[in-house]
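Letters A, B and C name the chains as they come in the text, with residue numbers starting at 1 for each one.
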Amino acid sequence: MLNFIQQLINGLSLGAIYALIALGYTMVYGIIKLINFAHGDIMMVGAYVGFFSITLLGTNVWVAMLFAMLTCAVLGIIIEKVAYKPLRNSTRIAALITAIGVSFFLEYIMVFLLGATQRVYPADAFPTQTYHFSGLLMTNKDIFVIASAVFLMIILQLFIKKTRTGKAMRAVSLDQDAASLMGINVNHIISVTFAIGSALAAAAGVMYGVFYGTINPLMGMVPGIKAFVAAVLGGIGIIPGAMAGGFLLGILETMVSGYGNSLFRDAAAYGVLILILLIKPTGLFGEKSGEKI
Amino acid sequence: MNNILEINHLTKTFGGLNAVSDVNMYIEKGELVGLIGPNGAGKTTVFNLITGVYRPNEGSILFDGKSIGGLSPHRICREGIARTFQNIRLFKNLTALDNVKIAFHKEVNYSLLSAVFRTNRFYQGEDQIEQKALELLEIFQLGDKRNELASNLPYGEQRRLEIARALATDPKLLILDEPAAGMNPQETNALTELIHWVRGQFNLSVLLIEHDMSLVMGLCERLYVLNYGQILASGLPEEIRNNPKVIEAYLGEEVTKVVSGS
Amino acid sequence: MELLKRNPAALFLKILILAGIFSAIQYMISFKILSTYYQMTLTTLCLNIILAVSLNLINGFTGQLSLGHAGFMSIGAYVSVVFTQNLDAPFLLALFMACLGAALAGLVIGIPTLRLRGDYLAIATLGFGEIIRIILYNIEAVGGAAGITGIPKLTTWPWLFGSVVLTILVINNLTNSSYGRAIVSIREDEVASELMGINIVNYKILAFIVGAMFAGLAGGLYAHFFYIIKPNTFGFMKSFDVLVMVVLGGLGSTSGAVIAAIFVTILSTVLQSFPELRMVLYAMVLIIVMIFRPQGLMGNKELSFKILRRKRGEAKK
């Protein structure tokens, strides 16, 4: 039982990172119905911005995270304007292929500029402290990751529910044409969505660096796909779904490696994806909708 | 068995809402029947149920004496029901000829291996399909447009091509979803004649949804009026025209059109 | 219509050209004019053609975005090696089993994913591809992460040439038939296609099976040329490479896929010393082509005698 709770704690930390990335996927999908394949790579860029902020500018982790979020928000807007906007009326297959292109572009431009080698996140920026609670082990990193993720999620929920822009985002995701007729600047809202989604991914990137200690230009690929799985699990386009999906997937993965075979950890995530797609493609929180004929 | 189609107690719900409820209809062999009703009355839903796009919640659909409720669309097509769409759904990036050829696929008489090894049977089969497709295009005055992409055809020709494609599946019942939508009066007149002629030529029964009352009144031998998913009235065009319930259902929307028949 | 009939002259010409290409290269190999390096490039080229043409059947003609082509290739590679190395089977049988194994995987993956469309299908196939890789990674009998080494070099030029011709011939003949039109109609409009009496489920599975089968063939040929196979050779990156070729050449154009495969292989060889630059370039090509010409460079047009002849015919009018 103790071991189970320990695994649960580990799962929550991993899940928090997945959930933050999944939020961006789900927001973008909700608004322009595109799987932003490059989303995991934006997380990677965020991790690097945080890294250089700490090492070159000597900032602390919080400032580094803020820097990363701002930079990636701008990056997200640029990516949307340059690569996705021209394709808004073309086929989904074309948009998806473009997104794959953007993903590889970000990965290899970073390899090209910075080299493929791993970089070690400065340990002294966030010295590890370990706490023991009646046999359970928890580090301040666990608390850092879970707390910041939950904090950001609450801010996001408030933003979407309470602000005008948030309401406009919901309107655009329901019906772009109608929203535009009601005087909402759809382009602006799409930009805001990319900015927020990318900023959350950047925060996840810095957390990843702090939590796992090393970063590299291809680090975004696997968490990116996993976070997508999380978003689908919760029901893509549904914000609370992405959070729940992220935590669920994180817990599942740590359970599989904790109790089963760690080599099959990744297979578990893909297996969940395929199962959910086959059994309930709209995800746990999703509702059915059909094509109009 | 004189009815080609018999629908009994057909019901379809979407998330608790009755889109179509307890609909009873029949079409006699060779008959030309219209289904009219205000927007959102559930006409297209009835079509989707007949052609298998949706599964009915309740009720039965008998086609030529055989129950087809719940069969998949391609099976129903093979039974002999073909349709067109409210929003034209041609294979846009293919030529007019290919659009029609695709609908002949269920008649293909050579095997996959025969196609891969290019046997004589393949060449004969392809020639036959091509011949038949060209004949159909000629009937619909699209012969010289055979190599045009469907998306490049003018609107009226796209509508005609859709009917040609539907006929290529060799149906017994042809279902037309607003065939005259977006056509000018001359085109509509020509279409009326065409539908009439096609019905006789291909031995068809026809069911159509249409908003253009001149077309409906001039063409259909019998009408069903659908309102809020239920059959409001049925009968000869004259009876429908003077039915107070029907006029009421259309009131404010198309009352003038129905009454004046323009 | 007469174009459909057998045209002995054109057929003879095609056979002549193919025989010419075959013997010229065989000559250069036999008399060691082609260095080992160029022979390697030639092999990669042939494999890329097979992969691109077969993926194009799934992605281009059927319109089902599959990102798991490398997975099918790996099955072919492993199956064929098990047959030649462990069972001492002749190469032909091993390749046949490679095709069969991959086709079976195509069936297994094809059936459940049929309920999915567009983006979901893409992700699911990516997931399947990765699962295949992870499973191979964990099977000690086939070497686990280290893979299998010491595979006999059985893939020679005649095998490669024959396989390329077979792939193009089968897929070209398939797509230019009523069955091919049925497949293309699925890409154009699934709903309309089904309502025109086409069993879209069957034809999607058919496309997956045939596409996977040739990917398996490419895998078998790969394994018996490059001496070593390991699970990571057949990762998502390999699928991505092939996707680039298909997109570049035109979704739904076999000749486009062939041309793109040749072009990309040569480009990769030239850029071999700058692998990251190569990937940046690929990525940019993908984005630019999608923005400015989403149907790919060739679109769904084919380069053939037929087009040339038609062009001439129109000019005469």
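Keep this in mind: a residue touches a chain if its C-beta (ideal position, glycine included) is under 8 Å from a C-beta of that chain, and two chains touch if they have at least 3 such contacts.
This is a predicted model, so every value here is computed, not measured.
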By mean Cα position, the chain sitting nearest the middle: C
Taking each chain's C-alpha mean as its centre, the one farthest from chain A: B
Separation of chain B from chain C, taking each centre as the mean of its C-alpha atoms, in whole Å: 40
Inter-centroid spacing, chain C versus chain A (mean Cα positions, whole Å): 34
Cα-centroid distance, chain A relative to chain B, in whole angstrom: 47
Of all residues in chain C, the ones touching two or more other chains: 191
Shared-contact residues (touching 2 or more other chains) in chain A: 293
Chain B, residues touching no fewer than two other chains: 53, 85, 89
Partner chain C, residues of chain A touching it in the complex: 34-35, 83, 86-87, 90-98, 100-105, 107-109, 111-112, 116, 221, 225, 228-229, 232, 261, 263-264, 266-267, 270-271, 273-274, 277-278, 281, 291, 293
In the complex, chain C residues that touch chain B: 1, 4-6, 169-170, 173-174, 177-182, 184-185, 188-189, 191-200, 206, 295, 300
In the complex, chain C residues that touch chain A: 59, 63, 65, 67, 112-113, 115-116, 118-120, 122-124, 126-128, 130-131, 134-135, 137-138, 191, 236, 240, 243, 247, 251, 276-277, 279-280, 282-287, 290-291, 294
Chain C partner contacts - residues on chain B that touch it in the complex: 51-53, 72-74, 77-78, 82-83, 85, 89-94, 98, 101-106, 108, 110, 112, 115-118, 122-123, 125-127, 129-131, 165-166, 168-169
